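Presented sequentially are two complexes of chain A, the first with chain B as partner and the second with chain C.
Showing the complex of A and B:
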């Protein structure tokens, strides 16, 4: 029984990190209808920002997190202006943007690999290897802190979307781009800002990832399917759904890992992705199955 | 109107259509692919005058990509379903033929069609499931497929897990060792290109093009879209699997990381985009360019990471500025040289 509680705790702790990794992806999809396959590679970029700050300056990844967020958000603005804005009127927008982000993922991976080689990296602040004990159950501090930070950021985002005027504009654009435009929302600007926020969240997630997982440039391929499974299960574009899916799937994966071995635990995400796409393509909270 | 009149009209229409096709055939430069094929058939004769193994390797490499990319094109180009996971069938073909070769000693050149059928059957079954979604969802599902198969092959002890299985090299001298595979790929490439031409000019191909334009309209026009696209998926898996079969024996080993890497799956997509999706000559031209380009980067820079960076950049530039590819863009401006118009 203690074992099972332990696994539940570990699963939940990981879920917090996955939630932030998926949140930006979900936001970008919701507003821009871009399935951003480059998102995990940009998380990787954020992780490297944190890694070098830690390695060279000894700065805690938690402190560097806002910096990573801003750097990546700026990258997002740049990418939007250079690449995605011009695709807005493309006839096959969705296929086109998927392929573009796929290519972008390769560019980021190649650049990181060229610059920093494919060595496994991890930042190691004190809390990363420490744990709390509640009777026999241990809670790894790193993942707990990461989970708390991640959920705080997501809550802040949710409050912003719900209560600010601009947040409402973002949500309106998510729901119906044309109607929002008719009502006077500058959808292009909304697109730019939410793209920047989404990519910025990738940077924030990267800072957390840097001490939760070990990473190397090519690892983002593994994350793609993991994150896609969260976003698809949650319902593409629904941030709440993504967060819930992150917790559900990482707990399930933890149990699969416990009962069948660690190799099969990642398989949970891929199989879940497959099953959800086929059984309920709109996911848990998706409104319309327009992609199906 | 009597029946005879109707019959006459039909006859006249038939005759008229025949003259139209004849006129179209006159402008078609059928001689060009034939000459290229003959040249390629004669190429190994170079081995009599010197050591051209490297050139043969490059040609073989290009031919294998022609097979894979033309196969991908049937689903991705004609039907418009972009799969980023077609290397799964490359792996399945490679593993099937490779294991048969290792256990029973049957050459993969003989097994290739059978391996293709196995991959095609698997493609049919997977297609039945994944082709229920379209657009981005389909692309994502194809990515997940690669992940699933990779874990599967890496943990399947019978096929050697992550370490794979090494295969016996043939006992020809170095000078001639590549020839069987060279001719194998040449035959497959010619066959694939010919089949994709036949498909494009069939009712089936028309149906696939209709699906890529607007699936709902295609469906309401009476096309069995589900069957059409699943069949297209199976056919494209067949060709990719066939290429995989011989590829394993040529490299003398089968291992998950030679089949199931991103570069393989992205290369077949990139070749088609670069050359021109949905055209016959596109994948051939794309394959030549990509192989030349890969060699250039590996030879001059030597690093696979820079190769990935450059591949990604080229793909982005291509998508942003020439989404129709070389053949498509030239054709759109009516500047496509006649000898490249294979459609």
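Showing the complex of A and C:
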């Protein structure tokens, strides 16, 4: 029984980190219909902000997290203005953004490699390799803290979306962009801010990733399939769905790894992606696509 | 000056100029991005330093060397395409090998088909050398399948019987190189992927030979694996006294070490296939204490090599590399440097950059007349594996990678055993 509890704990701990990594991706798709393949590469950028703050100033990654969030949000504003805004009205916008963000991911990777080399990095605050032991079950402090911070940020975002006027505008734009515009919502500005928030979340996730996993510029390619499976299972654009999917898939993957081997645990995410697309393409909380 | 003299002097001047500008083109495809980018970037440093120093010393037999380098993104298909381009479009005279068994295996066919000498910096899987190619020259001690012999020897020679591990957990990346090392440890058969035939039967394996029972085995996928804590917990639960972790990269070694520390695993001995890099220590710090790993090179090894036809020792290499790059080298930079030394010596020995003649010259090397590099002396058997070169075993102690085995090569540091926590 202790084994099963341990696997559950490890799955939940990993899910907390994945949740924040996927939340920004989901928000950006929900509001802007941008399939942001560059999202993991921007998480890497956030991780580098945390790494250098820790390396040069000894600043804890969770302390520097707001700074990483703001830096990446500002980067998001810049990217939106330079890359995405001009094509926002295109009928093939989502399709175009797949190619655009693929190219952007390669540019970000190249820039990070040039600036910081391809050497692996990881921050090492004491808690990153420590654990609470309750009888024979351990709870890794690093992932626990990262999960708590992650869920706090997502909760704050959810409250903002639900109770603020601007949050209502974002949700209205997510549900029906044209109708929101007819009702007076400045959808371009909503898009800009949403994109900035989404990329800012990538920065925050990067700060947490910096002590949970080691990273290097090309690492983002390993993340994109995992994050896409979370967003697809949760329902493209649903942050709540993404969070739930993160926990569900992480726990399932942990049990699969325990019972069937480590190779199969990674496959869990890919299998989930295929099954969801075949059986319930709208995911847990997404809208059913309308037939043309 | 008469017109005829002017023309004659102009002709001589242009001949001299063209002779000075004559170049030997060498191509190499490296994984500068992607999964192998950390080692790939260091290979780039090693190759560049060697070529720069050759050119500063007047080139190879007076000809400057141009290094054409491309990033293969750790992708075998891209590596193949790039070597084909070097040969058919760029018209290179010679090539340096790429990094990793995964990339070397397919590249070997292209270079063999085109008759190019294939000096291999990192491609230790035995299967590479059993394809019938006659142009392979490996610049590390031996095939990956035989790495385990060094650990078996270390346990037999340096560890008291009462302190020897009796059980082992063997965990491995599902990677060309890591699988090859695992095959030797566990005594499996090496199969030819093309014919399905048996290349070698390594039973009972180095662990069985050492009287160690394997109580846990696990393999993780080549890419995308993140559940290190779960894996570390399973290793801990096995209560293995020896952990043999065969990672495909130093990055994986960092992740696993941090996870083992987190779960507070308590092995007597830990052995890795990767982790000699300074980045491994940076990512693991005191958790690296007493971890053993095989290595092909050590900064203190008193090897005497050649560069530009002159003596160039391993110590010279360490000093030059450190001065030019601001950091000390590790084996991922030293090995490609040795490859470059080998190609330089083969061109000088052959009298020209002709691959047939270079190959003949390399094949003719012996223990008394070897290729001399910062990795020591090399001569090869009929399949291209070095003869008479044991793997070295190093151990992290106090933040320093110390050379601990074998003890009869040169001065060693004392072995720390058993491992005391993380």
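Following the convention adopted for this analysis, the second predicted complex is superposed on the first by the 288 of 292 C-alpha atoms of A that agree within 3 Å, B and C clash if a C-alpha of one lies under 4 Å from a C-alpha of the other, contacts with A are read in each partner's own complex, and residues count from 1 in each chain.
Note that in this section contacts are C-beta pairs under 8 Å (C-beta built on N, C-alpha and C of every residue); 3 or more make two chains touch, one makes a residue touch a chain.
Worth saying up front: this structure is predicted, and the values here are computed from it rather than measured.
**Q** Clash or fit: what happens to chain B and chain C when chain A is overlaid?
**A** Taken together on chain A, chain C would clash with chain B, as the superposition shows.
**Q** After the superposition on A, what does A:7 contact: first (chain B), second (chain C), both or neither?
**A** Second partner only.
**Q** Per the contact definition in the header, classify A:100: touching chain B only (first), chain C only (second), both, or neither.
**A** So A:100 only meets chain B here.
**Q** Based on the superposed arrangement, let me know which partner A:217 touches: chain B (first), chain C (second), both, or neither?
**A** Both chain B and chain C are touched by A:217.
**Q** Could you look at A:165 and tell me whether it touches chain B, chain C, both or neither (first, second, both, neither)?
**A** neither
**Q** With the two structures laid over each other on chain A, which partner does A:142 touch: chain B (first), chain C (second), both, or neither?
**A** After superposing on A, A:142 lies in contact with chain C but is clear of chain B.
**Q** Touch test for A:122: chain B only (first), chain C only (second), both, or neither?
**A** Only chain C is touched by A:122; chain B is not.
**Q** A:130 in the overlay: touching chain B, chain C, both, or neither? Say first, second, both or neither.
**A** The second partner, chain C, only.
**Q** One more residue to check, A:56. First (chain B), second (chain C), both or neither?
**A** neither
**Q** After fitting the two complexes on their shared chain A, where does chain C collide with chain B, if the options are 38-46, 56-64, 74-82 or 326-334?
**A** Only one listed stretch clashes with chain B, namely 74-82.
**Q** Determine where on chain A the residues touched by chain B overlap those touched by chain C, and list them.
**A** Common to the two interfaces on chain A: residues 109-110, 113, 117-118, 217, 221-222, 225, 263, 266-267.
**Q** Flag every residue of chain A that touches chain B in the complex, lowest number first.
**A** Within the complex, chain A contacts chain B at residues 35, 37, 83, 86-87, 90, 92, 94-96, 98-100, 102-111, 113-114, 117-118, 217, 221-222, 224-225, 228-229, 232, 263-264, 266-267, 270-271, 273-274, 277-278, 281, 291-292.
**Q** Show which residues of chain C lie in contact with chain A when the two form their complex.
**A** 32-35, 37-38, 40-41, 74, 174, 218-221, 223-227, 229-231, 233-234, 237, 249-251, 254-255, 258, 261-264, 279, 283, 285, 287, 422
**Q** For chain A, which residues count as touching chain C in their complex?
**A** 3, 6-7, 10, 13-14, 109-110, 113, 117-122, 124, 128-131, 133, 138, 140, 142-143, 213-214, 216-218, 221-222, 225-226, 253-254, 257-258, 261-263, 265-267
**Q** Per the contact definition, I'd like the list of chain B residues that touch chain A in the complex.
**A** Checking each residue of chain B against chain A gives 80, 82, 84, 129-130, 132-137, 139-141, 143-145, 147-148, 151, 154-155, 262, 266, 269, 273, 303, 305-313, 315-316, 319-320, 323.
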